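Below is one structure, written out as structure tokens; comments come after it.
So that you can tell them apart, the chains are marked A, B, C and D in the order they are listed, and the count of residues begins at 1 in each.
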């Protein structure tokens, strides 16, 4: 496999890893605060729809992005209400959120645009266009680094770079700030935070909100950057993969980046039977490629890649008075 | 002392939750410019207005009884089997194999064979996640979700390959031989002289489902195994003290759960389609979760909840047929039901408990 | 069929046909879009019982359901597209996609600068392979040493509806040198055409005329006149003559779309060559191999 | 003196659902004094103090600090009012460092680094002042409970508390550590800080407090000057009637060896070596009491003997070897060997709190033939059996259909005892028999244990309450750090010596 092909595969890896990464970080904030969230999928989907819808009607991708974040935040609110205020079962709440998004997006899309549950195609400013980084064209022809910079680093949409920036940012917030310390503490032992005079409820809602924002960006990316519009179920299980990546990453930001890149790479590879055949010298069955991420996840969970210990208070509502 | 009388817990709370879900659904329908009343009418007529409608309602209900029971069993052992979808798919594979490759003399035997195969295959699909949970502590929710995806892929692979008849356009098996076709309710009830629509897919499996309910009830509340499963579900530490092996309980309850989910296949694959198609399960595995929640994991509750969801499903199909309301509206309604009966349970419970407590205090005062 | 009414392609074209009839005759029609296989039979029966006549099914997947139902409603007429169901009250319409695909294949090969052209199918089924096969034959015929890359989006009905994957596949093919890509993939094609347009590639639409989607960037569209089939069925109404009929180049069932959106992309020579091929397919001097006849393809292997 | 009380509570009431934990409680504590609170488990002591600290919200009542009325809706307000609390169960983040735990909630700014730096300095200062040395960068999960308690005290001091509440601080400490703690409290008192001390141990009350309040069933029954009262009187105030703190029992008629433990080792799943070569035996008709501070291996010992912790070495019962690792190392086969077990924690192990009393009566014995009818369980038989047992052990209320969680602590314990004793086992393992049980029920339970011994059964008693050990045992063994420190006869030893042994010292070293 020559450099260019490799770069192209990696390039598509970047595109496919971005939504995973955003969702994964979203899950990271939520679960670090002790709120499990299998509703990432639904949040992304809702965000994807509303961002596309608003981007189409307003003609501005950025407005779309805001709307997407809004939609995702609403679902986060529901999840928070269920699992923080009413101490419900977080898994069940997550399932409900996924169902809700899957249904509502299509119902609303249909009655809004009457196009069988999809939004119209987005044109021009309603989409995020690739950004060509400075000098990209200039050094394009410099051997090796030229193509690397031009093909791989440059030429992605703003959201891709935002996603990448989120990694160090998350790390900094979690480990260098007061908020981060308290957030991690509330996921480990809420009582300690409570008796230290900090509101457990407040912290957890904050975490869930951050989760909503990040999922919102992820969804908007799907519909207004990667694609030009919304089609039903377009999140296509990415939320679950992100969860798997989160476990793989042992709830740490940098690992999350690597995990998502790995899953993105697997997905990108699945699109290039020719490359795989070239590399392995025999045809690999398509279905196998498609499920590789899932199988990998199971293997990871089986702990063959080191045990992943979730936050101690994870999934447990904070109950003071029985 | 318990704060609330039992009836409030098992009847009142679910009813209120349902009501809330219904109101919100009505609002959504209004919002998309349709009349909730009209929608309700169409659903009721279409689902309960004729033996034909009933035939579909019961057909769906049968699926949900199996998946609902599956989720319930797991719940009793405090496990969340979200993999009913995949287990039912693989159960379908089992049914397809025995129906196609075994020359059955009579449908009754075919039903038996199909049931066994479905249960075995479903259980097998639950086995790996169960084992990983028991031995490696891998979170069963995630693993079972993953196994849903893997099951789908496996089925595709077989249905566009080995199992697809030459030249057929569809990823599906050919029709099963005549002898494996199950009598539908028309034939069964006809035997007792009851008139029932010939066209509806509801079939004898419905009675198998009822049997399953009874069996599960007996298992949970009348046998040592059930006693141990519930004990483990309530307190793992206490179970250990009593000499109940966690590994055994996790494995056994998940195998039973998977088996029940798989058994759904005798209804939709052997009973209705009479061949194996892609996505034959159609989300029944997930609806099982809602059914189990609403049914409070009790077989009888599951039965009622399954009928309710069967009604929603059939009614929803009718909606899509005769109005501009898209079929996904039903997914929304399901979501709301799961949300209110499951996750937001306390929203209804807490105020109720306070009310009952206040009432008690007052009575005490009076006495 | 599964894939959504507004896939800008197969189903949409069926819908436009019905719409056209309704507009012209003021008649009315019920339509339903199905999520699940179990509903097919139900939908047919309900429509039949409701007295709808005729009932048109777009998509091979209805075949099994129809075989069940047709017998029970002898005086209702059914039309099924893309599949043959042998019943007295059923009209089966199949299209020779390989012929239309052959022509657009030529167009692709003739306008390709890199000498590599791509095909992106939806779900991997014989029907779609027939598209690919015809396309490859045409391309090879126009330029013997053109390379044809072919990918299928997936193996589930979801493959009709996965534009994300569609566009990634397009980019993948671009990176393998393809500069013209033919999408026979329902809703997924939307993503393919979009991405092609974004990456200075030419694309070829399918089923209905998709040239307008990205004017000047869609080379042409392989027209499969499902709309006509539906329209005819509705106009014929209850006295629709049943039986088996093939829609090919000869009777305008398939063809390639020319309009001012793509006129500029065709050189006179190209047009000439393609017209010639079309003529000789019709008079039978060119025999385009039909994949379904023996599940093999001379020009492409899957 | 007319100085305003440091703390004054007026008419505090608090209910948890059906449970009235505090009823109209009023109390005043003068500044610069140590005030003790005693009462049965469940009397409402922790609840009351948690309200003062803003952990729970009172349903009714007013709080005055230094004479000023204050609202304490949450712990933040309490901290602001200069209150610090060390809870019965520590509130620390296990996988954080000492420093992070101290800083948590008391950071100076949005950024962490400066706060941590300051905390490091102040911790140093506090350590020097009070001798509260801790390793600032150690993880909580890596340090002992004694250390963890220091961290909790440091947290309070770091927040400039001048009122310090300690909830049963000595339960987890060796007598030596306890003495050190009390020296620190004296120093704090000398500085004019006010201290509230919750404890069960009458001696600590007598030794350290200036005034003491007694609680019963959620009510404040009395507040007295320590100098004007004595233990017997306090005990009476606690329970509401005269109680004999000592158990009458005839001298033991010892028989053959029932339990023989040789070189028993246990390593838990974290790889920690919990039992280090334990050797001992119990004969028929005797009670072997095992004393020791919680967490020195007693729990693991009971777990191996009970069959739900694996170990190496040899255990024989009636001369037959017990399987410690293989297929028969589980509770079922232990029971089959005539071993009955009253576990230390009835709510986590002894009972399924959501099961009814009758279901709990079969718990662990649900395989018994007498409970079976064909493939099903004979629920009728179990219920009948339960009614009888409740009768004999005077469980209140005697309702087999009531869920275990709805019985009070003492009655829950009686249900477990009835189940295990009624099997008339050869060997009874019994851990913390009276934890969470009020003195009235204690008498009854102690009588039952002695009666079983007099029937010639072997009994292994594990308790952290020295008085209980001394009054019940025929022989006493002390455990420290997973090892047996040695055996004594109750007649030839006293709390002081046992206390030293519990701290890992022998008389010699101490002197």
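For the reader, a short list of remarks on this structure follows.
As a convention for this text, a residue touches a chain if its C-beta (ideal position, glycine included) is under 8 Å from a C-beta of that chain, and two chains touch if they have at least 3 such contacts.
Because the structure is a prediction, the values reported are computed rather than measured.
Inter-chain contacts peak for the pair A-B.
Greatest centre-to-centre distance from chain A is found for D, with centres as Cα means.
Chain D has its Cα centroid 46 Å from the Cα centroid of chain B.
Distance between chain centres (mean CA atoms), chain A to chain C: 35 Å. Rounded to whole angstrom, the centroid-to-centroid distance between chain C and chain D, based on C-alpha atoms, equals 77 Å. Per-chain CA centroids place chain B at a distance of 38 Å from chain C. Across the assembly, chain C contributes residues 33, 124, 155 that each touch 2 or more other chains. Shared contact sites, meaning residues of chain D that touch two or more other chains, fall at 17.
Within chain A, contacts with two or more other chains are made by residues 117, 232, 287, 290.
Chain pairs that touch one another, listed by label: A-B, A-C, A-D, B-C, B-D. Those residues of chain D lying in contact with chain B across their complex are 17-18, 306-308, 330-335, 341, 343, 345, 348-355, 359, 362-364, 366-367, 372, 375-377, 379, 402-403, 406.
Across the complex, chain C is touched by residues 4-5, 8, 11-12, 15-16, 115-118, 121, 222, 226-229, 231-234, 236, 268, 271-274, 286-287, 290 of chain A. Across the complex, chain A is touched by residues 4-7, 33, 124, 149, 151-152, 154-155, 158, 161-165, 167-169, 171-172, 175-176, 187, 190-191, 194, 213 of chain C. By the touch criterion given at the top, residues 1-3, 218, 222-224, 227-228, 230-231, 234-235, 237-238, 240-245, 353, 357 of chain B touch chain D in their complex. Chain B meets chain C in the complex at residues 56, 152, 156-157, 160, 166-172, 175, 199, 201, 268, 272-273, 275, 277-280, 282, 317-318, 320-322, 326-328.
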